[in-house]
Amino acid sequence: MASVQLERVSKRFGSTHVIDEVSLSIDHGEFVVFVGPSGCGKSTLLRLIAGLESISDGDLMIGGKRVNELSPQERGVGMVFQSYALYPHMSVYENMAFGLKLGKASSESVAERVNETARILQLEALLERKPKALSGGQRQRVAMGRAIAREPDILLFDEPLSNLDASLRVQMRNEIARLHGRLGSTMVYVTHDQVEAMTLADKIVVLNKGHIEQVGSPRTLYERPASKFVASFIGSPSMNFLEGTCRSTDARETRVELKALGEVVLPYGVDSNAVGSPITLGIRPEHLTPVQATGSDAFEVINVEYLGNESCVYVDSDAEAFLTCRVEADTPIARNDTVSLRIDTAQAHLFDEHGQALARAQDSAL
Amino acid sequence: AELTISCGAVGAELTLCKDGVKQWEDKTGHTVNVVSTPNSSTERLSLYQQILNAHSSDIDIMQIDIVWPGMLAPHLLDLNKYLPKSATEGVFQPLIDSTNVEGRQVAIPWFTDAGVLFYRKDLLEKYDAEVPETWGELTDTADKIQKAERKAGNDDFWGYVFQGRAYEGLTVNALEWLASFNGGTIVDDQGDITVDSPEAAKALTMAHGWVDTISPPGVLNYTEEEARGVFQSGHAVFMRNWPYAWSLAQADSSDIKDKVGVTQLPKGGSDGQHAAGLGGWNLAVSRYSDNPELAADLVAFLTSPEEQKRRALEGAYNPTIASLYKDQEILDATPFFGTLYETFTSAVARPSAVTGDNYPRVSNAFFNTVHEVLSGSVTAKEGLSSLEGELKRIKRRHW
Amino acid sequence: MTVHETTTATAGPKKARQDARGTKVRRRRVRAAWLFLTPMLVVLALVAGWPLLRTIWFSFTDASLSQMGSANFIGVENYLVYDEGWYGLLADPLWWQSVWNTLFFTVISVGLETVLGVIVALVLNAKFRGRMVVRAAMLIPWAIPTIVSAKMWAWMLNDQFGILNHMLMGLGIISAPLAWTADADLSMWAVIIVDVWKATPFVALLVLAALQMLPSDCYEAARVDGISPVRVFFKVTLPLIAPALMVAVIFRALDALRVFDVIYVLTSNASSTMTMSIYARQQLVEFQDVGYGSAASTLLFLIIALFTIVYLYLGRRQLGGDQ
Amino acid sequence: MTLTHLKRAVLKLGFWLMVIALVVYATFPFYYAVVTSLKPSSEMFQVGYWVDSVDWSNYVAVLSQDSFVQSIINSVIVAFSVVAIALLLGLTAAYALGRVRFKGRTRVMMLVLGVSMFPQVAVLSGLFEVIRVLDLYNSPGGLILSYTIFTLPFTVWVLTTFMRQLPDELEEAAIMDGASPWVTLTKVFMPLLWPAMATTGLLAFIAAWNEFLFALTFTLTDSERTVPVAIALISGGSQYELPWGPIMAASVIVTVPLVILVLIFQRRIVSGLTAGAVKG
Amino acid sequence: MASVQLERVSKRFGSTHVIDEVSLSIDHGEFVVFVGPSGCGKSTLLRLIAGLESISDGDLMIGGKRVNELSPQERGVGMVFQSYALYPHMSVYENMAFGLKLGKASSESVAERVNETARILQLEALLERKPKALSGGQRQRVAMGRAIAREPDILLFDEPLSNLDASLRVQMRNEIARLHGRLGSTMVYVTHDQVEAMTLADKIVVLNKGHIEQVGSPRTLYERPASKFVASFIGSPSMNFLEGTCRSTDARETRVELKALGEVVLPYGVDSNAVGSPITLGIRPEHLTPVQATGSDAFEVINVEYLGNESCVYVDSDAEAFLTCRVEADTPIARNDTVSLRIDTAQAHLFDEHGQALARAQDSAL
């Protein structure tokens, strides 16, 4: 049983609090993805679980047993390091076989396993090379191969695909999903890739400055972010935020006066305490549609970015930042056009002054 | 003018030298630098050779070992040319001979040394034994006392210690054995090799018999100090050593103070002779000296009878001038000088003059052979005959 | 580094090879390299050039210390000559004995020093309280002047009042004192004991430096992979410190092949502990035979060079660089 | 749990036993020297593990000689200069040999090594001549110069080896930043080579500090001599008498600065200097 | 003038041909993005331009001058290394200031420039830290800061944002664009991120196994890929490929018989030589729409991936690989449904047997 529990785990480097009372429970066989801004403590958290850093405070349990003091090998984890940490003097083959030989596996089965892993990672042609003679992405794949060849109970991935091209990344992602299915091992995965996070995770953990902002399924996080931070962090391009004031709310609708866009009516009710207080409305780019300008509420288009499958329209909203709209690739809108903006109000989110999401009245569970 | 002299190393020897030099300075008004040199005579020799080969005038006057004149002669001044005949008057003839290379007086003997036998008066008395006259007696007495002392609980007690390490000291020791059996001095005055004789074999066989019976096995690596260590800590009844050990054995801190006697080394047999190996030091002047006359003068001063007497009184250095051994003042200060007069006059010199440059090879071959014989890896007979071959080989290069 | 030099001779059309060899950048870099090398080479040439050439020259003469000026060229007579029987260095059984002694001494003592040095370095590399003091303590044997430490050991190994015999007897390991330095069978071992004691810190310190320079992150990988420390040591640490270890061993071996003072002070220069250096010194200094002694030194140089080349050839992969 | 604790405790105990064993092994002779130096000369020939009564007279005797103190100063000057020269020349040479690939590199390496292949006695008289020609006889300069013959090859080789292990990318980064080889060497490589430099520096220092044969041959007067010669020149009342007490005292005195030096230098022998430099 | 020309440039490592006769011309001030599979030679190409690797064959010109033999500093380039290559003994500040100081800038202007760069990269709080104490993303930003602080004529970026989170990446991307605008320097940029490539590039270069597959504007590459390789490489998820045969073509339409989907009619003509030969039709996921199954051509849905802003539907096409369709996030389609597929024929691409795009008749320039 390879469940992982963190109970008020903290980590300090000197006086810097890097992980701050994090509690989290990961079930056996679960696939958990950590996301968060650069430097928020994701790698540190993985290293704490692996046993590479000592826990300053709190308890870490694996399979129900407190393991704070156990060495990495006793914890039964495998890890893909963000910095690869390859053995510089060993060939790719040896790098991958090194951890395997331990298990007294016969050399044939070692060879078989390594070759199979190399095949999955498309490294077959490079088995004899030293890490120095590999490209960045090849090194990264070796780092991954080393961990997955061992098939440990708990696999920790620290941004394992960041240096791979998109199509290889899709393949690798599928291989990881397949591996997860086959081994049934617990996987903890750090990524900055939205798609990876959304597709692989049973559960996404959003970290911010060493604490957990929200834990939930991909859909929950995307559709019901608990805070402005999570809302802005999940989804790319980010959600647009509009300042305003809550005018009224009842069970079925909420009226919000936005500084930039005037009054909008949202088709759900929120906590009535919010009435009269400043509020932030969040709306994702795909739910903000630019249309031909209709008189008064016209905004200028700052830029249109063509992304192939879609385009992004940046609109000057007079608010702090530009508003981003996601439109079809061959949108007729061009820079310096003036547009009106239409909000898909059902998809809008409301946050209070402190950035917390306002609870929706009779919110159905997702 | 300024002179540089190397005499002795640090310690009493150096102090004595400095005092003498000071007197000369006061007398003549010149300045003299005294440089100290390594205690080990090989190191000192190689240092001199370095300097002399570079034709350097860095050292004007050197204190050189009794066996070095042959080697260093080309670099040394013929002092006869600078000094009056009187400078070597009254000096023991063997010493004059050893410093006269091909008619050139390259050095003046300064002080001398000869091997003597130390014994434990108290133990001989206790076990009612005589001071041994021959090696045979020494062996018996040593054996007897050693056995008795060990029985009495003195576990690491030994009969006889000497210098058995393969080094120059062993050459002297073994030469004494050979000479005491009338076995010659390896190479005779004519330069003929005489070492492979039955007497020599007898002497060495006897010495081999001591190792691990009356002498500790470690004696094969003993120099003077190791031997003295054993003797002075009360672990041996006899010791062959130089006279210097006397004052140390008589020091207040010594375990055997007032229990020590000194005598001549034993004879080989009743028809043998007392033979003491000759040691000692000379003063020589470098040919490359900028002030040869002054340097020679300083040498003459330092080797003068007055200065030698002072050294005998203050440091118990054995004079090289026979008459001083009759000087009452000296005899009062060091009573055993009198008993040793004979020893010095009859001392056997190593064949350094005749073998010249090749002396170190000869000595080396000799002490190595002796060492092998002592440690039992060859018999005396075999060893000596192969030594003879070896010496012939060396002689090939002409000495 | 790979800058500008990466085109190797293994493949590629001729033109490319020339191109790469001839590029200006490369040339400039090479010029800079020589510029950087020059001071060192000048100093070495200054101090070593003349003495070494002189030694080699003298080995073909009959120079003797007392008449160095008038040396005659005698060809290889110092090495080997027939004159009613073979004479010369190569015909001297003592020389061969000393060669054998030296090799024996070198292999055993450098072997022990390497193993022990690595162990010590591993201990010093661990983090524990008082590490500073222990590090300093471990260096003491190397820090004591050889002439002193050899005398000190001679004192401790003394058969009568040496503390080693005293201790061994106290522990009941031996019943009678051993004549460490006198006994032909023991004296070489005595020398080895002292040399190992003295030189281990040298190896240890170099290995320690190598250990400190290791990339740290692949050790974390090994820890996570659950690889036993012993295996990590042999498979990761050892290969990674191999270059430094090799250099340490080379210099230790060079010293050991030229060993002099320890033996000179500790044991008599009897044939059982006669080494090539002692032999050479004996000829040069004690026997005044500069020609013959130089021949011995030159031969010693050749033997060392031979060993070094073989060793470097065998270990060339560890040293990296020129494949 | 208890089992792992027990195992850990046993391991820890074993480790400490090992440390103690090594320390005892390394320092016992030195300890014995200290003990000997504190004994009056009368107890010299007795085995003893402790000092019963401390007798400073040997130390007083040694330190009261001006020439001994002077020789320590000389040694310090010589050793520091040697280390400085060896490290400077060694570093530049190591950069060339370790970082630039050029024809003849191996040959240079071998040549440098070849210098250390002759026995010291063999080069002695040649070196003596060189030093006399350069007019450095009987001066620290002569010693400093001659000591490079054994410190330089060693320094060059060790630093070259360590230099090769630094990641290539660092030099490339420096090149991209527009650093000249000299700047790369001093600003980028040198700080990373501290462990190696401290080590070689220390070893070279000790080698220079302890050298005897050259020091004996190339100096003449007490005012120019170094410590080992000074110790060797300590002697007893006569030629054969070895003054153990003062020699041991002197050895202890000259070893202490080295121990302090080690304590200072080894702060530089720290790990993980290159951590965080490159990914992969 | 910092234009860059490569003329039949090759690079070999031993016997491995890593760059194979690449010719490319980059104008002064242009922003060129290199993309390509892992290990295709992107980094090597950058290193050749930088002067860190010697060119095995061919010529490299900068500003019209042959620079094969010039050292990096003489070329006036700055580079962000894929492996960061930070000076481990220097603080973040010193790392960034090192190159500037060497450039003999006054210490004030160095401080100013470094602080400004740190602000842009959000590293202000970390200036005193050593690289060892930084997270992966922070290190990467330092590596970038070091290069851009110097403001060289030519800036080479090797996957500079790969370890940053999505929102930071968007910010950094904008900063780079702004920097490009301000400095007007030539920039060569390697990335695996589709969005970065599309939004930043004036010109994208697609590399494959050491040679150039296609060079063009982002829109050209996306809409008119020259080969199947480019088509599959650009766009994520990748284009779907369907095997078939060309039945007929004229100026205005082409009939294609697809193995899996039957006959489709494309509203443009192609080279008439293609008629009768095997052909591959490429269609991007957003142009392949799953609809309620209508009888015969029904396919099974293997998986539906929810990505937040959209979903991917994987359909078992009986062809070699699955077909991917891009649909709205809240699609009603679920796993195991059966669907029909509708192709937006105007957006379909045709490739011949060798993977080359079939030239469209009277193709209007894009």
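For reference, chains read A, B, C, D and E in written order, and residue numbers begin at 1 within each chain.
Keep in mind that, in the parts below, contacts are C-beta pairs under 8 Å (C-beta built on N, C-alpha and C of every residue); 3 or more make two chains touch, one makes a residue touch a chain.
Please read all numbers here as calculations on a predicted model, not as lab measurements.
Colleague: Trace the shortest sequence of touching chains from chain B to chain D and report its length in steps.
Modeller: The least step count works out to 1.
Colleague: Which chains, taken as a pair, are joined by the highest number of C-beta contacts?
Modeller: Going pair by pair, the biggest contact count turns up for C-D.
Colleague: Between chain A and chain D, what's the gap in Å when you average each chain's C-alpha atoms?
Modeller: Once rounded, the distance between the two centres reads 55 Å.
Colleague: Using mean CA coordinates as chain centres, what's the gap between chain B and chain E in Å?
Modeller: 94
Colleague: For chain C, which residues are shared contacts with two or more other chains?
Modeller: In chain C, residues 2-3, 5, 161, 215, 217, 285 touch at least two other chains, as defined above.
Colleague: Among the residues of chain E, pick out those that touch two or more other chains and give their numbers.
Modeller: Counting only residues that touch two or more other chains, chain E contributes 13, 51-52, 71, 82-83, 133-134, 136.
Colleague: For chain D, jot down the residues that touch at least 2 other chains.
Modeller: Those would be 45-46, 124-125, 129, 168, 172, 175, 232, 242, 272-275, 279-280.
Colleague: Under the touch definition given earlier, write down the residues of chain E that touch chain A in their complex.
Modeller: So the residues of chain E touching chain A come out as 13, 35-39, 41-44, 82-83, 133-138, 141, 158-159, 162-170, 192-195, 198-199, 218-219, 222, 232-238, 284-286, 305-310, 326, 329.
Colleague: Considering the complex alone, what residue numbers of chain D touch chain E?
Modeller: 167, 169-170, 172-179, 183, 187-188, 191-192, 272-280
Colleague: Can you name the residues of chain E that touch chain D in the complex?
Modeller: Counting only chain E, the residues touching chain D are 50-52, 71-73, 77-79, 81-89, 98-99, 102-103, 130-134, 136, 139, 146-147, 150.
Colleague: Hey, which residues of chain C end up touching chain D in the complex?
Modeller: It is residues 1-3, 5, 29-30, 32-37, 39-41, 43-44, 46-48, 50-55, 119-120, 123, 125-126, 128, 132-149, 151-153, 155-156, 161-163, 166, 197, 200-202, 205-206, 208-217, 243-244, 246-247, 250-251, 254, 258, 260-261, 276-277, 280-281, 284-285, 290, 293-294, 297-298, 300-301, 304-305, 308-309, 312, 319-322 of chain C that touch chain D.
Colleague: List the residues on chain B that touch chain D in their complex, please.
Modeller: Touch residues, chain B against chain D: 4, 8-13, 33, 35-41, 43, 46-47, 50, 53-54, 56, 58-59, 223-225, 228-230, 232-233, 241-242, 244-245, 247-248, 252-255, 315.
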